[in-house]
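Next come two complexes built around chain A: one with chain B, the other with chain C.
This part shows the complex of A and B:
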């Protein structure tokens, strides 16, 4: 934008940002009209004319103008906890809070070394599992097929990350091996996994694996799907880590060699810490995508939060209220994913400052 | 023996051999187990079933398909449907994403606000949820009896959107489309290629000639492919409880198209914004200094540079978006994946069909990446041009 003179101040700022040219002025007016229109309609629909309480369900039926949040009021336990036994749902809630806490804590830089972060995640995951599964400490056992809602989403996400990350490191190192046949074979495997849709991989692991495995290895369908997802995650993450390793100056590893450090010392103390730092923004992005794509297990027939949302308006009593349920489930996803992606953007800015 | 292993070359070779051998062994063991498991269940393996008739139909197909057609053909139908959905969604996502990306770098704060809101909302909600949402909205439209009419030629109903169409055989329309695509490819190749540096003035004439040829071919195809004794344009009309004539777009297809385009547009918008931000400020300022208008600075200087800068990222995004067309199965759109999954249920030939599924996606994705990478090689800045 060309400005012949520069003025500072409130009015000239507005002018520069909103009314710089005739085209800009038109755009600003049209767009603000659009925003106001959408905002006003949303407000009318979602708040002013909405029905909030489940007792007033009848108000929604007669072609009400507003949102029928009554469906959330009536069915939120089904959406959040799925088929988990009603009296035990507090366990599911606490388990979710524990795992979210682990997620928040791992954003604190103090945890950013291999030992602390693994201890944090493994202990958090164990608490989650014990709470959900029960059978210890006088908790009634609840089997995996009864898990559902948000806690199943979080369980899939956490176990994929927990299995996938070590695998990704292994894949990246093998992919970078100096031995050509190892590097090529690993590269081929990674490329094949990356070019397949996640849904096809989940499906294959759920349906096909029982055919090719001996009976004792088959295990529960949920764990097979998680394993397939973890492999998929590992292949993507391995490429991200490889990028991070390649961005290192060659001198780093050569200096470590010159000091006589062994391969594992070089990798553990020199290469990986820096590679992770380089690859942090795309890694966070990968976690964001992984969280969103846990929703695909619906197709395989698991009862995570999107499926339990579908079930919430699946009865004839609430069948008209799909928009409200999708808004609610979407909001839950949005809170998780938006927080994570904002954190990623914040890290990116921080690292950019550090590099300057 | 231990002295032998201390030799680095020997050790390296043993390790390589061991690694590759272990993977090959794993695959062989899996295959053997599969064979014994299948024999125990009395299933025959092999691809012979592809010639059998399916006995079930599909709800959406661009080529004619009946229940007596073979499995091979139903898989082909699925691949064509997937490609169809993929192409439409990618084109729409690129257009919408380009618009959003440009809005976010336009310098107008109001446009930036809308662009940012769009990206943040649609990028942070799972695609599957969005597709479910659009599907629920589309199927909640009124019954065909009370369909919403737009100027009496287009009708919106819960059973689909009815659009006016041509009374021309589908195969001929396909060839019309292919002619257009080929012509577009030739023109783009001519503009981008460095092989015609000398005939710049003639290029315009050649291009005009190409477009004229295309128009002639399309008119010709339409005339011979026309269904006899009907009007040329086919406007849907209500008959009883449903609509006849025209084109019906099913809610499944439309929900997939809307969902994937919007989700893809949010990602592509971000990529394009990054591309514009990667251009140095000096480029735009130099344009202004030369007296170019705002539009010319944008279209002749910034846009070409931005496209070249984002091309590699965009290619990955396209491959990734194409893979996401598989979510069609969640709402019942007959794509490649759904065809395979139905075939598995019906025929029980699990391993063979999964192999076809994987092979199909490998071929499609690799060829897509290959073509786009050639385009990228053709248009990217080379050697002395590299003065960004």
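This part shows the complex of A and C:
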């Protein structure tokens, strides 16, 4: 398709697209006015009238028209690191950066083979764990219940995705097994997990399981919750993958069979790569939801970033400043989720090359 | 859902609990060398908060510190505050994740009986009050007749308000909001004439309002909730320690013993009873299975009840002592007899 209006200049473009009729012109003016008004107010509140420094807290109290970022200035370490011991918070910061770095590196195509990506993730997790938990190399031990803030959120998200994804592939394949009793049992398990609310699953894994499991199987509450969440993730993701697999023409697998390819070759080279491509948009969606729902661990007493934000304004000096704290935490969520979805869009464009 | 899970957890706890009934949590904590006490997931104003450096503070936290000092001489290195949510507190207590629940928890019949919990004497009496805009010049809730009152959804507060209005024939509109922040915002934006809350957060809301003088907390007590320390049922030794810790805080207050002057008083006890209380002469600790100077360590660590209250609740939030005073000042609290 040829876009003819590109031949005109900038101004005439605007006239043609936004001011063609009287109705268009009114709509353009009204909506741009509205947007400007919102932005102007936001700018006024968030920047021009804002109080930036913790020393100026008194300016925030009573009649302050702008945002009180002083609360962030005073409490940002609590928000970012939760209950992690103050003197050791540099460890939590580095661990966080390492994990984000691993996440970014695994988006680089050079790492996209089984060996490189697993080396990357295993070393990333090891560094994260050693830094956070301590007890090695002269680092003082910090137990999981004192982990908190952004590093806990990222840790939960990364572990859930990492455990959940292979499980999801396994579940999806079992669900499509040719032996009906395997396929049906798997289907039943998936449906049971999908019909339970995530909150109930977390609560059960954190609190009810220790009563029924033998002592050596209990482990730390954090890992039980991550495992429960990973199962939940895997059940949803397995259905997404199954959708991706079923969208493939049956002839492809049959042709691969006719060529004498083994089961694993068929799955690994023919079925899964295409299934993942088909399922990419809902998969990114699932990751985004998983990231956001990590905040539910607050019900079992973990100081992930939303809870530490709550603690940040939950004190006599700052209890008026909840909007600013929520805004700040929201911004952090936004950065992560937006990056994730932009990467997803990029991936889609890249993989779509084959279709053109 | 939550109810079912809790019941299930309690049943399991009952099965495991019976087996362990022989040894008291007191011995468990002493052997461990560390007290595991309840914290919060976030913050509860005045009772469990986190300071800039990630350290816990608040009235409930001070009681945890006091308990640790009573057991070990000092809370330093002997206390672990375990962050837990409201829903988690009973199962965590039963499973042994924590030794004791000091988490502003009301004494209700269902908890006392069905959940197999044992309550100490109350250490705080929380009342439900209504705050109104000062310009309305209301003197009591009855003056809000024909007006409106904001309340959070799904809490006992909603029931309490409805019952009070019905019993007293007050025709006020109840406006329900989902979240605590929303309720407050609605009240401050004049959506309603009154706001009902539990007294500590209500005092905090008033203290941090744009203009605290523009609001009055009406004197009517709509309902009362006694808050107590909670231990598992069937552990009398551990419960005794809780009761005597609280009693010691009031005993110190009524006898004018404070964190600052305790060393002087101990060096020169005004009566043999106080001498015994501070461990100058033996007896006060031994009967409980503690060291004889445990009450000295307790007061040295956190001060008496008045000091704890002032530091955490009335100082920062301006909540008056009122009913939480000693009986000598018109309150409901009193020390037990030290003999």
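In the analysis below, the second predicted complex is superposed on the first by the 340 of 356 C-alpha atoms of A that agree within 3 Å, B and C clash if a C-alpha of one lies under 4 Å from a C-alpha of the other, contacts with A are read in each partner's own complex, and residues count from 1 in each chain.
Please note the rule applied: contacts are C-beta pairs under 8 Å (C-beta built on N, C-alpha and C of every residue); 3 or more make two chains touch, one makes a residue touch a chain.
Keep in mind that this is a model prediction, so the values were computed, not measured.
Enquirer: Mind checking the superposed model to see whether chain B and chain C fit together on chain A or clash?
Expert: Clash.
Enquirer: Who does A:338 touch here: chain B (first), chain C (second), both, or neither?
Expert: In the superposition, A:338 touches chain B alone.
Enquirer: Would you sort A:85 into first (chain B), second (chain C), both or neither based on which partner it touches?
Expert: After superposition on chain A, A:85 lies in contact with chain C alone.
Enquirer: Once chain A of both complexes is superposed, is A:303 in touch with chain B (first), chain C (second), both, or neither?
Expert: In the superposed model, A:303 contacts chain C only, not chain B.
Enquirer: In the superposed arrangement, does A:18 touch chain B (first), chain C (second), both or neither?
Expert: first
Enquirer: Have a look at where A:247 lands relative to chain B and chain C in the superposition and call it first, second, both or neither.
Expert: In the superposition, A:247 touches no partner, neither chain B nor chain C.
Enquirer: So in the superposed three-chain picture, is A:198 touching just chain B, just chain C, both, or none of them (first/second/both/neither)?
Expert: The first partner, chain B, only.
Enquirer: So in the superposed three-chain picture, is A:77 touching just chain B, just chain C, both, or none of them (first/second/both/neither)?
Expert: A:77 contacts chain C only, not chain B.
Enquirer: Under the stated touch criterion, which partner chain does A:48 make contact with: chain B (first), chain C (second), both, or neither?
Expert: A:48: touches no partner chain.
Enquirer: Does the superposition put A:211 against chain B (first), chain C (second), both, or neither?
Expert: After superposing on A, A:211 lies in contact with both chain B and chain C.
Enquirer: What residues on chain A does chain C touch that chain B touches too?
Expert: Touching chain B in the first complex and chain C in the second, residues 197, 199-200, 203-204, 207-208, 211-212, 298-299, 310, 322 of chain A appear in both lists.
Enquirer: Of all residues in chain B, which touch chain A in the complex?
Expert: 12, 15-17, 19-20, 23, 30-31, 33-34, 37-38, 106-111, 113-114, 120-121, 123-129, 132-133, 136-137, 140, 288, 294, 319, 323-324, 326-327, 329-330, 337, 341, 344, 350-351, 354, 357-358, 361-362, 365-366
Enquirer: Quick check on the complex: what are the chain A residues that touch chain B?
Expert: 1-2, 17-18, 20-21, 24, 27-28, 31-32, 34-35, 174, 179-182, 185, 189, 192, 195-200, 203-204, 207-208, 211-214, 288, 292-293, 295-296, 298-299, 306, 310, 322-323, 326, 329-330, 333-334, 337-338, 341
Enquirer: Could you pull out which chain C residues touch chain A in their complex?
Expert: 1-2, 5, 8-9, 12-13, 16, 39-46, 49-55, 82-85, 87-88, 91-92, 95, 97, 181, 204-205, 207-211, 316-317
Enquirer: Across the complex, what residues on chain A touch chain C?
Expert: So the residues of chain A touching chain C come out as 61-63, 74-75, 77-78, 81-86, 145, 197, 199-200, 203-204, 206-208, 210-212, 221, 298-303, 307-308, 310-316, 319-320, 322.
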